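Chains here go by letter, A, B, C, D, E and F, matching the order in which they are written, and residues are numbered from 1 within each.
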Amino acid sequence: MRPAPQPLHPLQYEELVRRSLVEDLGAAGDRTGDALLAPGEVAAGRIRMRRPARVCGLEVALCAFRQLDPALEAEIALAEGADAEAGAEIAALRGSARALLAAERTALNLLGHLSGVATATRDLVRRVAGTRARIVGTRKTLPGLGALQKYAIRVGGGANHRFGLYDAVLIKDNHLALCGGVAEAVRRARRSAGHMVKLEIEVETLEQLDEALAVGVDAVLLDNMPPALLRRAVERVGGCALTEASGGITPDNVAEVAAAGVDVISVGWLTHGAPAVDVGFDLDPIR
Amino acid sequence: MRPAPQPLHPLQYEELVRRSLVEDLGAAGDRTGDALLAPGEVAAGRIRMRRPARVCGLEVALCAFRQLDPALEAEIALAEGADAEAGAEIAALRGSARALLAAERTALNLLGHLSGVATATRDLVRRVAGTRARIVGTRKTLPGLGALQKYAIRVGGGANHRFGLYDAVLIKDNHLALCGGVAEAVRRARRSAGHMVKLEIEVETLEQLDEALAVGVDAVLLDNMPPALLRRAVERVGGCALTEASGGITPDNVAEVAAAGVDVISVGWLTHGAPAVDVGFDLDPIR
Amino acid sequence: MRPAPQPLHPLQYEELVRRSLVEDLGAAGDRTGDALLAPGEVAAGRIRMRRPARVCGLEVALCAFRQLDPALEAEIALAEGADAEAGAEIAALRGSARALLAAERTALNLLGHLSGVATATRDLVRRVAGTRARIVGTRKTLPGLGALQKYAIRVGGGANHRFGLYDAVLIKDNHLALCGGVAEAVRRARRSAGHMVKLEIEVETLEQLDEALAVGVDAVLLDNMPPALLRRAVERVGGCALTEASGGITPDNVAEVAAAGVDVISVGWLTHGAPAVDVGFDLDPIR
Amino acid sequence: MRPAPQPLHPLQYEELVRRSLVEDLGAAGDRTGDALLAPGEVAAGRIRMRRPARVCGLEVALCAFRQLDPALEAEIALAEGADAEAGAEIAALRGSARALLAAERTALNLLGHLSGVATATRDLVRRVAGTRARIVGTRKTLPGLGALQKYAIRVGGGANHRFGLYDAVLIKDNHLALCGGVAEAVRRARRSAGHMVKLEIEVETLEQLDEALAVGVDAVLLDNMPPALLRRAVERVGGCALTEASGGITPDNVAEVAAAGVDVISVGWLTHGAPAVDVGFDLDPIR
Amino acid sequence: MRPAPQPLHPLQYEELVRRSLVEDLGAAGDRTGDALLAPGEVAAGRIRMRRPARVCGLEVALCAFRQLDPALEAEIALAEGADAEAGAEIAALRGSARALLAAERTALNLLGHLSGVATATRDLVRRVAGTRARIVGTRKTLPGLGALQKYAIRVGGGANHRFGLYDAVLIKDNHLALCGGVAEAVRRARRSAGHMVKLEIEVETLEQLDEALAVGVDAVLLDNMPPALLRRAVERVGGCALTEASGGITPDNVAEVAAAGVDVISVGWLTHGAPAVDVGFDLDPIR
Amino acid sequence: MRPAPQPLHPLQYEELVRRSLVEDLGAAGDRTGDALLAPGEVAAGRIRMRRPARVCGLEVALCAFRQLDPALEAEIALAEGADAEAGAEIAALRGSARALLAAERTALNLLGHLSGVATATRDLVRRVAGTRARIVGTRKTLPGLGALQKYAIRVGGGANHRFGLYDAVLIKDNHLALCGGVAEAVRRARRSAGHMVKLEIEVETLEQLDEALAVGVDAVLLDNMPPALLRRAVERVGGCALTEASGGITPDNVAEVAAAGVDVISVGWLTHGAPAVDVGFDLDPIR
């Protein structure tokens, strides 16, 4: 059974949601809703997935509605992390008509984007089922949205790589170009990194890999290696470090990459290319 | 000749870039660069498009580098709005090695995302060339990134629809459900909207369209109409209002939609589904 | 009947109110109230208009009291938009004595200022009753207070012009000085403005007006024209564009300006010159 | 000779100016200037007082222009604190045409408001020339603008009272209503206030005044007393405390109030009622 | 009886606490608690002073817990300002296990630091009991924490000196070096300072003191004077100004300094050197 | 040779410094400096350590001076990380007299606090010289100051533990109380933590240690163990995990703890108890 993904606390997104609503309202407010709807008018509606998708961002979306109507009533039909079919109802809302329509776009933009990331992740995860490989995202996130996007990857069944420059050492080709080779780079990094910090290095050849293994690292990023080379690299590592495949991963080749035996497959596309899921919000007809 | 798109002033993105860098540095800073590179070390490198794309976000990306190295030297090879071929160099940078590598991800994330939006827009614009139709984005933008995404659409040759709830009236199906029909909604909105505010209404049938034209609106959003119906709607409008097609637009059908004679085609996918362009940053070999 | 003005959502002013309270408390807090009043002490008091005025900003003022005492009880005697006589009670409050006295100034400063703007607007609106003219404010607002001031104009029975540089095109004399005449300016603006954006131009002579009408604009700002000239300008426009009178409008001449037949009269003085209404807060005697 | 008023450091207003510009630009930017003016276009213009006024806020206004064009050239013709005649040129600017026109309103709104406060203060100061009375403002300021408004009073030749609840004790009628009389209130305040904090009490009768003098205070606020009573109160105080007249002060009666011998006259109207000075910005004709 | 110290309003620390929690959670959240504890799991625990201390910051600490669990139940065993023995229970909490453990460090860091300041102050206050001297802190506070540290000094039985550069005049040796002696400095300051502002001057010799007394000041700071000299200085002042001893005060000499008869003893060490009190939080065993 | 400690980028402290200055200036500004010093007056002065100390925070302090005077000239006499003797000059500054005196306290508060942390760290590091033990700080930091305090520990020759809840897993006694023992806790954490995240567990007995080693962890925190027990624990670990001693570490016992062979000694006191270094700023006499 998939363990529950590490959740977010509202403190981690309330301010983002607030700013997003404030941006959308601007100084003039919701010209349309304010003109057409009476202040006290109540309405009810349903959030629906228009395409099959993994639900992600439901609490974030509800937070948007609640910031405009603290008395909002919400009945959740499909919980965070559930797999919705096309047309499936996610939640039924009841509250101020003005609030529902003014918060709709902020809520749906977030829900659609995060469900898009989670769904794309889930699809890759399914393709590597039965292997040891975990799907992880990268730092190719969008400004201000990184924590939410990383969370969506967890909801999709993936795991997280570094969140920023601050939480692990990852020596890449540009670093190597400047500091004279694998061994020297690892040596410097080892001396500087704290005892709770892991150290990974990107290698492009078996020679670099050998050099890295010789000095010792926690993980090796095997960059853009074709499956056959990947397989040899994994053998060479022999469990002495965690192996990560990266570069050019697509839904079509991810299973083959996983079959090479790597521990982790990192996919930037999850956070910069996965399309949003089409989510709708339809008011209930008035009886 | 395409007119120069309305630009952004640095005041509109400096704070976003700063927050993005601060997020990435965290409290511990760039563990890797700080360990491997000397404080005063200088490096040079080139930003390259790895795929054919329209360049968008170059000043935003340079802003990231400059916030970490105010003395950065940048030579721009392909200007904002240019169409780059695969592998084309966009800019050559020279500055603090630490700054270049610490700002790289923030800069490239923004450049890649905005170029992705601009490129997707450009491709749609090309498909409707020779028609009267303009491609526009929607409010399906990401929190905090709306102004930049709207700008990228302009760089792609498209135009902008509403930026938020505040800058125009757009009466949609959910509004109509609550306020009793097209005529009544338009009447209420007209009374409330200021004299500098345009009014658009979403219609799904020719009957609704007739009702809207009878009361008078600035624009009609023809929602999810098949091309034949669109054509009849455009004829019915007869130039008395601006016509907008929306819903289910894809690269495959956009030309057909444009051929129906609409003034504007709005495409949410540009801002919530266009994949980022793959942008690289490679340090020059040290001589 | 005057339609209810477009309201504000608390999200649009809560942060302003919070910052205002924090500014007033400073690091040392309310030295007087803290010294004289016990923490749990309860008091009751009444907000009163000391002069005849239109009430505006009541919810904003209550927001200040509630941020210091979330359990505040408020009974509203005269609703937002009502016309109060001198001495009229607006609201009766009951809550923490310390909170009441510490929030008083922030609350009353906002209530007095906004009621001042609304009252001044109402007075002008009354003077043009029976004409087609609407009174509108300008962008001559105070930093951070624009949205509230614009709202106060609506509560006063006026309407809003542009909120910022972003929500409409307004070509003024300084623009014309730089871009070679009315026709060229309108042409450039038309090409650049989105389809949901209105375009207005400021003209000082009938020649400029003719030029503007020839190329077509949504509205014309007739700058500083004496009534006779205004009347001729309105005739010339003949309903092909909205007409706005601006410049040198005073309570004394506004009726004459309106009688010239313009659609809109814009008055910067409403937001930069209308004096605050004198509002008092008196504690009830203790029984 | 009037001593130079205590100045402001840019750190005290840069952020306010930035937010004001960002508000005005919004997400879409300056639609008009961006459409009509080329990015590199240079223009020059002059800031002029349209009415006689004391200049205040010039550096704040220039700060707005400079935030949009860091290379702005400014030649100051009339320095901060100078008295300008109608039509007098204050400063000549040269810089990016787009920046000049986009920053104009933010700059002029601040300059006009602050000059309005300074001018109104100056006029009152002149009316009390030859007396010992100093004109001071109150806490009836606008949210976010208090520090600037207080500064404008200094530029007008006035002085400052408390800036907030934090920087002095001022016992008012509402406090007295709750804590049982003058002597008890002063006693409690004295015990609580730090050694660097002054203590003032508002009194409405000579009996209250006697009670205050008996326990000892730094200053007495003589609330709404007619001149004859004021004079008796000042005599009664006999120099043992600073005397402040407040309530109902107008340009017409201020000299009479001052003649009663008070040390300080506080006037809320300076910050909530003084109309902005009309300031213009005209581009130079192009040669 | 010690009068209740001037309290803080939550508005004065909520934002600091929120930022502290957000900093600690980062983008990845509480990796440990999220991994080990179920979302709905409830726990109970007790906050204990591990050393004898004066309790300070309890509401601030509870604010941290409540921001992560708004439904937290707290039973307070030892109120703010109480003197706890080693091991004494301060409060018993019951709420979300995840929230309790994620907020623990933020809450305890603040509680420990503020109790440390209050305890150190209390200890000095006790040493000067029976004299007229009050213990006060200085502006040697930490960025962002000044208001809380000043409050802790009040809870410890001390009083506050200036909060910032803004709330009183204090002429120090560096000022004197630049403006030509005591008399001239006081004269300039007197002319500039408002009527509600006190004026203090630092003197190092009896000659400077005489000069200060001759021109008149509200307080004199007797800098680094040995007790015998202090005593002579106090006599010289003879009650005409408030006397403050400062510089080199330690627990060992504070009583001797107080015995010299000064009104105020200022001790920077209270806010930059007092060690935090060791505070523990132990979960109750599960029954 | 001690490797250069990982530095801070100005982006990581500029905003903190700005807020600190703004707090200190308040709305009224520097009443003393503004009254006594002319705007253009220039002064020079020297920052000196009054006690022997390791210099830390020099760039942060200079940042404060430069925010008030961008043209400040600074000559650094003792670089960051140097060991200063009592009285040693650290830097000579020359710039606006007003700026020097207004920024002094903010600058010195930061410099004194950070040098205090660095000096205390250095002293502990010296005591464990010749052992394998590294001195590290904990999360017992002050709100908003964590990144700077962690940096000061590095400048003192120490290393960093976790920065927050986000960058490593640390299972403590409170966690164990809730999730049923060491093995289960590690199992859950292992499943949840990403591949770049280290996992440490706090143990109080050799039995718990054995259990932890059996399931495998990256590090063990040996809590409050007396030296003899520590030694046995280190032997038991036998290099299979990193060993950390924590709890009750003092300058007196740190060498004994280090001699037990642990890899890391964590000391909360460094950030919540180390007294600030006394730093002075004296203006040069005017020639």
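The criterion applied here is as follows: contacts are C-beta pairs under 8 Å (C-beta built on N, C-alpha and C of every residue); 3 or more make two chains touch, one makes a residue touch a chain.
As the structure is a prediction and not an experimental result, all values here were calculated from the model.
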item: Intersection of contact partners for chain C and chain D; value: A, B, E, F
item: Relative to chain E, chain with the most remote C-alpha centre; value: B
item: Interface sides of chain A and chain E: same vs different residues, half threshold; value: different
item: Higher-contact pair (C-beta pairs counted), D-F versus A-D; value: D-F
item: Centroid spacing, where centroids are CA-atom means, of chain A and chain B in whole angstrom; value: 22
item: Distance between chain centroids, defined by C-alpha means - chain A, chain F (Å); value: 33
item: Centre distance in Å when chain B and chain D are each reduced to the mean of their C-alpha atoms; value: 44
item: Of all residues in chain C, the ones touching two or more other chains; value: 6, 23, 25-29, 31, 34-35, 102, 146, 160, 163-164, 166-168, 191-192, 197
item: Chain D partner contacts - residues on chain E that touch it in the complex; value: 3, 6, 134, 136, 159-163, 166-168, 191-192, 194-198, 200, 218-219, 242, 244, 263-264
item: Complex interface listing, chain E residues touching chain A; value: 18, 21-22, 25-29, 31, 34-35, 39, 67-68, 102
item: In the complex, chain E residues that touch chain F; value: 16-17, 19-20, 23-37, 41, 43, 45, 97, 101-102, 104-106, 108-110, 112-113, 116, 139-146, 163-175, 177-179, 185, 188-189, 191-193, 197, 269, 272-273, 275-276, 281-283, 285-286
item: In the complex with chain E, residue positions of chain B that touch it; value: 23, 26-27
item: Complex contacts: residues of chain B adjacent to chain D; value: 4, 6-9, 11-12, 146-147, 150, 160, 163-164, 167
